[in-house]
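A, B and C label the chains in the order they appear, each numbered from 1.
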Amino acid sequence: MNETEVIVVRIYLHEAKAHLAELLQYLHDESKVRGVTVFRGITGFGSSGEIHSSTLMDMSLDLPVVVEFFDVPAKIKPIIEHLNTKIKPGHVVYWPAHIND
Amino acid sequence: MNETEVIVVRIYLHEAKAHLAELLQYLHDESKVRGVTVFRGITGFGSSGEIHSSTLMDMSLDLPVVVEFFDVPAKIKPIIEHLNTKIKPGHVVYWPAHIND
Amino acid sequence: MNETEVIVVRIYLHEAKAHLAELLQYLHDESKVRGVTVFRGITGFGSSGEIHSSTLMDMSLDLPVVVEFFDVPAKIKPIIEHLNTKIKPGHVVYWPAHIND
């Protein structure tokens, strides 16, 4: 087995944010990462100050969206630097991992 | 770039379990983590003993649900201690990561 | 708290691939991992060469699918070796984590 070190990145957004289309365009056209997967959450809540219902289940108009991708550190590091200028603090999470390659 | 160390936590449940609403209430009202996202899986199976169909595709009445959140270790550690009293062993997974902050 | 070291594995596929059913069968019947969750992405793109629309949003016929599972390293390592013979390079991602156990 040939192991390659990568960094996994997950970006936490909401559907209502205009960020998503722009972000996907950037990842596809400019950063050219190996691949991107976008997941929609069924519910969620954000950082301080947001009040939701007691059930936390009626956020259907603005569901959470996670954009996930991974690539080698040399490719990911400048992407994270770029994302830091676009995505608000605390919404880009990343950790080291391995891929079969 | 300012990196902050966090711990990512993923909790594996099923929709049919009453745990979910109670868990979200706890994370929202008491633990006050930065944010929580809940994902629904399209299929899955649990630990030993459960028999599913050969296709594994007809579990629509009790789909897997993953509750994901992250925060700094000082905040996450007591949450994991609490979860250990509520969630059965092997269903809370966590690992170190970084956020832009 | 009793911590057990595990390896989290995520495999990136597409719904249209025949791999999925075969993979779930293998994980369920042969490898007997603790549990498997399958997630469907709402959009995504793969590695080099694939052209998608400018919006990246009209891939409804072949949505990305992620198969996720975790277990102790001794159990995961032979599974990854097996997956390397079945899944194309760069589509199996894994990292160390802990579970409550």
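Everything below uses one rule, namely that a contact is a pair of C-beta atoms (placed from the backbone, for glycine too) under 8 Å apart; a residue touches a chain by one contact, two chains touch by 3 or more.
Since the structure is predicted, the reported quantities are computational estimates derived from the model, not experimental observations.
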| item | value |
| --- | --- |
| Angle of the C-alpha superposing rotation, chain A to chain B, to the nearest 5 degrees | 120 |
| Copies chain C and chain A - interface residue numbers shared by over half, same or different | different |
| Intercentroid distance (Cα basis), chain C paired with chain A, Å | 18 |
| For chain B, residues that touch 2 or more chains besides their own | 39, 95 |
| Contacting residues of chain A [partner chain B, same complex] | 12, 39, 41-48, 52, 54-57, 64, 66, 80-81, 83-84, 87, 89-95 |
| Complex interface listing, chain B residues touching chain A | 1-2, 4, 6, 8, 21, 24-25, 28, 32, 34-40, 65, 70, 95-101 |
